[in-house]
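Heads up, the next two complexes both have chain A, just with different partners, chain B and then chain C.
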Partner chain A sequence: PPPAAVREYLRLVREAKVRHSEDVAEYGALLLKKSPGILPAEELWLVHEQVGVAALDCGGFELADWCIGRLDKQFPNSVRVRKLKGMRLEAGGEFDAADKLYKGILEENQADQAAWKRRVAVCRGRGNLVKATKVLKEYLDIFASDHEAWEEAADLYLCLGMHKQAAFCQEELILSNPQNPHFHLQYADTLCTLGQPANLRTALAYYAAALELTDGLSVRALLGACGAYAHLNALKGPEKATEEEARVPQLAAKLLKQLYGKKCPAKLPLLLELLTKQGLHDSS
Partner chain B sequence: ERKREREKETMGEVQISTLAYVKALLHAYKRSTASVTGVVVGKLGKDGCRMEVEDIFPLTHGSFLYPEVEMALSIIRLLCAKKQQVVLGFYHGNEARSDKSIPALLGTLGAQLEEKCGSSLLLVMNNAQLAAGQMAFDGYFIEKGKDGPVEKSVTVRFASGDTSQVLANCIKGGAADVLVDYSDHLDDLTLDWTNASFQLHAS
Partner chain C sequence: ERMAPGAGRGLDLGPAAALKALLHCAAHPWAACGGLLLGSGGSARDAVPLFHSPGALALSPGLEAALCQVEAYARSKGDGTTIVGYYQANARPEDRELGGAAHKIGERLVQNCGGAVALLLDAKQFKSMMEEESPGGQVPFVAFTPEGGRLRVDPGFGLTLQDAGTNKLVKEYLMEKKERAIVDFDDHLDDISKDWLNPDFDP
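Here is the complex of A and B:
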């Protein structure tokens, strides 16, 4: 593909922060080796870093070493390049050496956020998720407004099955990003996983919030609302779902039927069977 | 280790079809930077073979929560009923290469399934075995115990001798690109998570 197209692709990947490592490594390498001239100075070195990291992600050590070597020559004594060398060690499984390198950076500057995050990554890479949460907690005590870190913490706790702790992190994310439906949705899903009528009721409220923020288009929120309601409706006595609580799920069921009818009509019969079981569709 | 080996002798064995095995591993291959989870379906076996895994439904990649799984399971049960199949259990591959443990939520789901249906299978990816060209899954039957789910090791065998070769062909042929999981479907309803048109590459 033409170098200009590759340059634009790499820029879009950086902006969207997606993980297309194989493509970035393959095409980025071509660009750097065959047509580096089309990149202005600052972008040239940014692309070296991007391709280097991508290469590490798919085991392309030769390419990674080439990128890191050239960055090292251009920016001797750079902390950012040191961090890359740490990632190279991580990719090779040399976690002790990598951790030592990051601790060294932190000794010089305790506020180096990237080094903190790499330390968490080392723990995760080793499979020691519990230690990862501990290091991340230390980081969050200093940098409490870093929502990327709160997201990582939530993810770690979910992997560990520590849903209460994950919920706490998700609450922080909702507080700091109230317009982001994804956080409302994940929180609702976590509450449903915890179970118990009180959590299910709160979950319904957050599914409703997610639906408001997505104009009713989030399939996960629509299905979630129906599912939470079905559980509440199956209870007996005072905890059973009220008519008022049925309003959002009933609307959700209606919207789901419309969406399925439009986008995957072949699956509509299955959806209708499911909604009937949940008490949200009248099959007569 | 020895306890597991002794357990295996008494547990009978589980067979897995080429279709099920290849689809599950393609799911893991496609989402190699995350954990993967899916549902295994098939028939209860007879004589020494306790279960025959015939097919799988890929569910999610990355950490999963109850609502997603519950919804998908309900729909899968409806689909299985039409094919005289039953839900047998789950497969799972952990995020870290050397991790072959059973995540807590999966153990709980497995125990719930066992309570409902009488038996529950967990297939957990073992990358060391996969790298050695052997069966990529450690098999466990899950039962609800007094203090939580109890897992018992069971031997998993290929139903057919050419499964590994078919998997290699499928990977080379780019079959992983067209494989869709339930999570993908929730993000884009037009994607078919039942993978009804999936084809194995035989040669």
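Here is the complex of A and C:
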């Protein structure tokens, strides 16, 4: 592909923060080796860093070392390049050495956020998720408004099956990003997993909020509302779902049927079986 | 006494099942991912990829919706097809444990289908297999079966490939980066026009 197109692709990947490491490494390498001239100075080194990280992500150590070497030459004594070297160590499984490097950076500057995050990554890389949450907690005590960190914490807690703690992080995310339906959805899903009528009712409210934010189009929210309702409806006694509480799920069921009918009619019968089980479809 | 999934303690993986399961795992190298195996009588004819993020594997509403729909699909075939197992790949190759979601699914399978086997991808074996010029007939999974209420490694469980050429086919597909086109239930939830039956991958 033409160099200009690759340049644009790399820029889009940086902006969207997606993890297309194989393609970034492959095409980025071509760009850097064959047509580096089309990149202005600042972007040139940004791309070296981007390609280096992507190479580490897919085990392309030769390419990574090449990028890091050139960055090192251009920016001697750079903390940012030191961090890349740390990531190179991580990729090679040398977690002790990597952690030492990051701790060194933090001794010089406790506010180096990237170094903190790499320490969490080292814990994750070693499979020590509990320690990862502890380091992340220390970080969040200092940088409480970093919502990428709250997301990472929620993810770690979910991996550990610590749903209450995950929910706490998700609440923080909703507070700081009230217009983002994704966080409402994640929170609602976690509450459903925790179970118990109170949590299910709260989940229903958050699925409804997600639906409002997505104009009723989020299939996850629609299914979530139906699922939460089904559990509430299966209860006996005072905790059983009320007629009022059935309204949103019933509407969700209707919307789901319309969406499936339009976009994947072959799966509509399967959806209807689900909704019937949940008490949201009358199959007679 | 261990529960048997079908005729004897073993599972014969048909080409569609192995292909879809392995490509799904390959498509998400940085995340945990999992899916269901469909078939009957000790053989898996198809695989339905479910999720590719640790959060998703752990959370129930999406999982329940998926399980219900896949069960309904199996029944709709009218030929005795049922869910015969569950496969999973962990985010880290050194991680040899099955997480909570696998146990949840395992419980469900034992309830509904009279038996369950969970297959955990052996990422290192898969990798070295794919690096061979001509991959052989090994099955790069470790089997876990229910014992005393938990899923435990079952070294005596027989995993076989129905078709000797399956791994070669997997390798071909990987070389053409076709794993990127595999659709799982997670992808379907983001865009319901995407089909988790992956008909393009039925050899």
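We adopt the following convention: the second predicted complex is superposed on the first by the 284 of 284 C-alpha atoms of A that agree within 3 Å, B and C clash if a C-alpha of one lies under 4 Å from a C-alpha of the other, contacts with A are read in each partner's own complex, and residues count from 1 in each chain.
FYI, a residue touches a chain if its C-beta (ideal position, glycine included) is under 8 Å from a C-beta of that chain, and two chains touch if they have at least 3 such contacts.
Source: prediction; values computed, not measured.
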Superposed on chain A, are chain B and chain C clashing or fitting side by side?
clash
Going by the contact rule set out at the top, does A:180 touch chain B (first), chain C (second), both, or neither?
neither
Should A:113 be classified as contacting the first partner (chain B), the second (chain C), both, or neither?
neither
Between chain B and chain C, whom does A:214 touch in the aligned arrangement: first, second, both, or neither?
neither
Based on the superposed arrangement, let me know which partner A:35 touches: chain B (first), chain C (second), both, or neither?
neither
When the two structures are overlaid on chain A, which partner does A:159 contact: first (chain B), second (chain C), both, or neither?
both
Taking the contacts chain A makes with chain B in one complex and with chain C in the other, which residues are shared?
19, 57, 125, 127, 155, 158-159, 161, 186, 188-190, 192-193, 219-220, 223-224, 227-228, 259-260, 263-264, 270-271, 273-274, 277
Contacting residues of chain B [partner chain A, same complex]:
33, 35, 62-63, 65-68, 70-71, 74-75, 78-79, 95-96, 98-99, 103-105, 186-187, 189-190, 192
Give every residue of chain A touching chain C within the complex, in rising order.
19, 22, 57, 125, 127, 154-155, 158-159, 161, 163, 186, 188-190, 192-193, 219-220, 223-224, 226-228, 259-260, 263-264, 266-267, 269-271, 273-274, 277
Tell me, which parts of chain C touch chain A in their complex?
30, 32, 54-55, 58-62, 64-65, 68-69, 72-73, 76, 92, 94-95, 99-100, 177, 189-190, 192-193, 195
Which residues, counting only chain A, touch chain B once they are in their complex?
19, 57, 124-127, 155, 158-161, 186, 188-190, 192-193, 195, 219-220, 223-224, 227-228, 259-260, 263-264, 270-271, 273-274, 277
